[in-house]
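Notes to accompany the following structure.
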């Protein structure tokens, strides 16, 4: 499917997304970097570190999921109005090849934005030299909440 | 559904699971602890640390997924023959309440073991004092591989 | 996990669920029967017919999903206030054994009800004589909408 | 992601896929039509009928899932060797808009083919006059089995 062009509701969407990302200690812990945000799209990098691996020296699948979750979440956030936050309702990840390489790149793309719920897909690539191999494929549901809500999970 | 009773194929399943867990640097990084393994069931604890949180001070959803993935994976591994390893094919996680508390507990249970594929469900609880609140619910597909395979992802 | 006891908000939840089920022509087409609704739980039967099968004479996986979707949806609906309807946000189904038998039974159970979103799990059993074999396992997210909304899918 | 070009292992993949589709009574029951198969891609149409709907007159979500499951399954089957069959391990579907229109079109695309497991994504569109609206988005895991296996579900 060709990428759709989305109009952001918040002219400062970049600042809002980066500010939210920067306030996530877990992203710092693993060394994830927000490298690109455009309307309805977000890319996150995770450089290799030995302490991010499972028993075979490749990135742990849980961390593949962690950056996929963030990339999809911020892709959705980029289309939400000023003063909003995004929470993940659910996500589903297929690990389709070993996450082996110098870096992972997770690219989230909004499929269908909505007032309440947004659906995104995320591709995660393992990068080694010039090679870029799809290692994870995810689909995710996100919810918009007011940022004064404060809890990170509305009901 | 009443928990089924499974017979382990590997009498040393406990040692095999614990050995695999101990060789996962990512589990050490986040401070996850394997607290219980019985045939077809595994529990993992994740004590609170400020560097495991998102912007609202609760556990990051990606890490809820990471321990859910491990708990389901080792529940499956406990039923596999000696010399085998387990890899995650895919998992799906609903974040049903804020992951807020002193500790998370992920409990994985095998629904259906198989020669090639095993299906597990995982419940993640947020524990605060005496309260134990379901914060994550997952369903997962796992694959058995020979441990001499070495790559962590067969095809 | 022990089944939780839920208090229905709508004293006439049974009538509301049965009325909604009866207005679904697709359920009639395949011959699905709503056999039980209690607060947070719903069971649906699908008796065998040759025209419900795939190429090996067992129930088509898509129809396993169809009754799983309905069982989880009505389990959620039973806990919603009068005048509300339920729509499926997403569902995930594992087909864990051939859906072979005289009848399928899908049992949906609410994991976590919410004002906006509800999460349910569903087990589907293939019944043959005295045997009752788990053939499908699903997890689902549902949304409450006002019944005057009319479209079957809010945003 | 740009569509990858896949080389079919079976020169008669079209005949093998169409033959399998034609032997599925459930596809006949709902009136689904296999309209296109190319290597790693399959499209299925479902023309509107009143008996395929839920209570608001739009296609039942379970049937959106049924044709999504088939479109992804046959996209995968097109890349498998002669004499093989495909079974669905699991699928996850988001219903992103009402399935309202004269016809549904499900387009399945293989993301990652494998000797044992294949992963596909599926988009389902609701078509009304000139409009073509995404109403369903799915991700699916499939398994290759030998056609002499006979049961439709290996373990």
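Per-chain numbering from 1; labels A, B, C and D assigned in written order.
Convention: a residue touches a chain if its C-beta (ideal position, glycine included) is under 8 Å from a C-beta of that chain, and two chains touch if they have at least 3 such contacts.
Everything numeric in this text was worked out from a predicted model, so none of it was measured.
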item: Chain pair with the higher count of C-beta pairs in contact (C-D, B-C); value: C-D
item: Reference interface A-C: repeating pair among A-B, A-D or B-D with over half of contacts shared; value: B-D
item: Rounded Å distance, chain B centre to chain C centre (Cα mean); value: 28
item: Between chain B and chain D, centroid-to-centroid distance (C-alpha), Å; value: 31
item: Whole-Å gap separating chain C and chain D, where each centre is the average of the chain's CA atoms; value: 22
item: Junction residues of chain A, two or more chains touched; value: 89-90, 92, 94, 97, 114, 141, 155
item: Complex interface listing, chain B residues touching chain D; value: 89-90, 92, 114-117, 119, 141, 143, 154-155
item: Interfacial residue positions of chain D with respect to chain A in the complex; value: 1, 92, 94, 96-97, 111-112, 114, 119, 121, 123, 134, 137-139, 141
item: Chain C-facing residues of chain D, complex; value: 20, 23-30, 50-56, 58, 60-63, 65-67, 69-70, 85, 87-95, 97-98, 100, 150-153, 155
